[in-house]
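Shared between the two complexes below is chain A, which pairs with chain B and chain C, respectively.
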Partner chain A sequence: MQFQEILRLLQNIDRRIIYSVLFVAVTFPFYIDWPPVRIEVSREVEDAYNVIESIPPHSNPLMISFDYDPASAAELTPMAEAVLHHCFSRGIRVLAISLQYSGLGAGIASDVVPRIAAEYGRKQNVDWAFLGFQPNAVIAMLQMGEDFKKTFPIDYYGTPVNEIPLMEPIQNYDQIPAVITLASTAVGEYWAVYPGSRYGLKVLAGLTAVYTADIQPFYQSGQISGILGGLKGAAEYEKRIDKIGDGTAGMRSQKTVHYMIILFIVIGNIAYLLSRRRG
Partner chain B sequence: MDAALANPIWTILAGLVTLAIFSFLYRDNPLYKMAEHIAVGLSVGFLVVTYYNNVFRPKVWDNVLHNGQFDYLIPFFLGIILFTRFVPKIGWVSRWALAFYIGGFSGVSIPSTLEGRVLQQTEATIQPLLSIDSARSWSANFFATVDSTFLVVGTLACLVFFFFSLEHKGGIGRFAYFGRLCIMAGFGASFGYTVMARVSLLIGRIQYLTRDMVDSIGRLFG
Partner chain C sequence: MRIQLPLLICAIVGIFMAVQYFVPALLPIYNRLNDYLQIVYAFSIVLGVASVLHRHGGKVQKRRKDWVYSLAAIAAMVLMMLAGFIEGRGSGTLFQNLFNAVLLPVQATMFALLAFYLASASFRAFRTRSTDATVLLVAAVIVMIGRLDDGRSLAIPDMARWILNTPNLVAKRAILIGVGLGMASTALKVVLGIERSYLGSGKE
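Let's look at the complex of A and B:
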């Protein structure tokens, strides 16, 4: 095979070969402890941890908004699990809601919250409650600023909110120490702009990596008090609470795939430059 | 995710549907089409049931029929007339509901957007260029000062890049070019995060296939 032919092939690697290599690069690290990863807790994650850590046990609940659907569960469910482990291990109460427009976030919350609560023996409606889903995130956010019980007359399981002990002291955001939105859309930003700015609610954001760069200005301005960005953010939070989960497990694969992507970029560019030099 | 689908049959089925979707990476095929249609159908079914249980029943049905709050019929009526779009002759009626929605939402949204997205963001860029705190080390002070200066200069440069009343020549041109570099750096960071996000999704699915699905197969046949 001519050298020129090899250069041409390297610039046009079949996508199926690339997919296969990526598949191996993701799968391989699950079975061997390689490559080593060093997870360092960033300032954004540390700030988020400190806000949750400062909530007194058995007092008013941390609100967790499941604003994502199954397509983003790989990134955000490890985050949700890490935050829930942190809360339930310390006796911090949790008030879960979902404002993801398709309602699928409610399905995820109804799986994750009871499961982690059961690990610590936390009681439904006393230590945690799940109010369910509301459409039109902005309107729901603003309505909760006035009255939670009007926004969510019944919880996800059909119990009237008036009969939930956890909700007794909760009228509006004044009784909520902080909210963490786990979001795969611009809903994360809405939390900062509406309840954050208008009602002074302390907002934390657990976001897919796609949205992490977009939300940074809100962290810099103080409108968001802490950020968990993508799977890396989940891994950092797991390290901070000393509880290894899917976030940490995924970082090895993440590292391997990044190596592969860089390798493909370098190979493609070298082949391009050499083929151009040879005319 | 393992507890979500405690029944191993459902876990295996979900894994098979994932594999069917992945088969598109090789080429389009009937298995992929079937999985795609199942996903769309299930999503819509779930959406309808969730909206009925979480929105219609507690907010309209219960309030009107059980609590006697008939004012809830007004938004219900506005919602219903949106469907007149399906009948071309009376489709114009849906504009009433849209007009009400857009007007109300604008009134709610504009002040909050100005406050949250413009005023507070502008305020965050107005800060001292020299960031010196006696409690910090000199290197921390140095980098904090570099951060503050870069933030202010970078913001101004990006604004100048989009300022077309002056020709981008000479000093203005170089400053605008610096703004362009800042914007490109921002795009680069976003793109890097996007790659990480997409890889994370693949990791999640492969974790599901190699752990949850394999475990379920073991439980079912082991």
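Let's look at the complex of A and C:
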């Protein structure tokens, strides 16, 4: 085979080869716990941790809004689990809701919250409650600023909110120490713009890596008090609370994939430059 | 009247929503308007379900191309509804099991395919064909390595952070300010009745 022909092939590697290599790169790290990953806790994650850590145990709850659907679960569920481990291990109460427009976030919350709560023996409606889903995020956010019970008259399981002990002291955002939105859409931004600016609610954001860049201006301006960005954010939080979970495991896979993509880019460029030099 | 009345309602509500932000005494009316909005939004869900049934139902009835998929869509919707209504939505129910075993993996799989397309597209697009393309390529590689906290001896994580927090943020801020100004001017045009396309034809 001519050298020029090899260069041409390297510039146009068949996508099936790329897909196959990537498949191996994604899956193997989950089975062999390799490669090692080094996680450094960033300032954004440290800030988010400090806000949650400052909530007194058995007092008013941290609000967690599950504003994502299953498509983003690989990145955001490890984050949700890490935050829930932090809360329940310290006795911090949790008030879960979902403002994801299709309601799929509610399905995720109804699986994740009771599961982690059970690990610590936390009681439903006393240590945690899940109010369910509202489709119109902005209106629900504004309504909760006035009256939670109007926005969520019953919880996800059909219990009237008036009968939930956790909700007794809660009228509106004034009784909520902070909210963390786990979001894969602009809902994350709405939390900063509406409850954050209008009602002075402390907002934390756990976002997909793609969306993290969009929300950074709100962190710099102080409208968002802390960010967990993508799978790395989840892994950093796991390190901060000293409980390794799916975030760290996923980072191994992410590492091999990133390097695999870089390798393909380098191969393509070397072949491109050599073929150009040879005319 | 068909035009004037909606314009008048829009102007009154629009001006009220701007004013109430600064006048706490108007809070009860503001809360009432929010209640109305929730009700209107709830109707849109009913409308959505009716639209799905109408569209796919018609396709099944007339045995149009790929009508089987429409039947599957209707059957899935009805099954999830029945499961939710009959047994509830708690842990271990059919509704929750269908969600965890079907919907969750299907949606996650669809999104996961993106990684494969992205890898293939990056390989083909990131070529040093020009100075701009080279800058883009170098920035992408630095951010990819930096996000892994690798290359500390070369300060790559710091460089990645700088790329994300400085040039990226400048562009994002510019877009945000532009979008904000655009939204404000569009809202003003709607409230003042200059922008009327939401009424339908856009003409009186």
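Here is the rule we go by: the second predicted complex is superposed on the first by the 278 of 279 C-alpha atoms of A that agree within 3 Å, B and C clash if a C-alpha of one lies under 4 Å from a C-alpha of the other, contacts with A are read in each partner's own complex, and residues count from 1 in each chain.
FYI, a residue touches a chain if its C-beta (ideal position, glycine included) is under 8 Å from a C-beta of that chain, and two chains touch if they have at least 3 such contacts.
Quick caveat, the model's predicted, so the values are computed rather than measured.
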Task = Kindly classify A:I244 by the partners it touches after superposition: chain B alone (first), chain C alone (second), both, or neither?
result = neither
Inquiry  = Output check: A:Q223 vs chain B and chain C. Expected answer is one of first, second, both, neither. What do you get?
reply    = first
Inquiry  = So in the superposed three-chain picture, is A:V126 touching just chain B, just chain C, both, or none of them (first/second/both/neither)?
reply    = neither
Inquiry  = Under the stated touch criterion, which partner chain does A:P153 make contact with: chain B (first), chain C (second), both, or neither?
reply    = first
Inquiry  = For A:I6, using the defined touch cut-off, is the partner it touches chain B, chain C, both, or neither? Pick first, second, both or neither.
reply    = neither
Ask   = Given the touch rule stated above, what does A:I265 touch, chain B (first), chain C (second), both, or neither?
value = second
Ask   = Touching A:S197 in the superposition: chain B (first), chain C (second), both, neither?
value = first
Ask   = First (chain B), second (chain C), both or neither: which does A:V24 touch?
value = neither
Query = Which residues of chain A are in contact with chain B in one complex and with chain C in the other?
reply = 15, 19, 22-23, 26, 71-74, 104, 107, 111, 134-135, 139, 142, 156, 158, 198, 209, 213-214, 217, 220, 230, 232, 254, 257-258, 261
Query = Mind pulling up the chain A residues that touch chain C in the complex?
reply = 13, 15, 18-19, 22-23, 26, 37-40, 69-74, 104, 107-108, 110-111, 114, 134-136, 139-140, 142-143, 146-147, 150-151, 156-158, 198, 209, 213-214, 216-217, 220, 230, 232, 251, 254-255, 257-258, 260-262, 264-265, 268-269, 272-273
Message = List the residues on chain C that touch chain A in their complex, please.
response = 21, 27, 31, 34-35, 37-38, 41-42, 45, 88-91, 96, 99-100, 103-108, 110-112, 115-116, 118-120, 122-124, 126-129, 137, 141, 144-145, 147-150, 157, 164-165, 168-169, 172-173, 176
Remark   = Within their complex, chain B touches chain A through residues 1, 3-4, 25-26, 43, 46-47, 50-51, 53-55, 58-59, 62-63, 105, 108-109, 112-113, 115-117, 120-121, 123-124, 151, 186, 189-190, 193-197, 199-207, 210-211
Note = The residues of chain A that touch chain B in their complex are 15-16, 19, 22-23, 26-27, 30, 71-75, 77, 102-104, 106-107, 111, 115, 132-135, 138-139, 142, 153-154, 156, 158, 192-194, 196-198, 208-210, 212-214, 217-218, 220-223, 229-232, 246, 249-250, 253-254, 257-258, 261
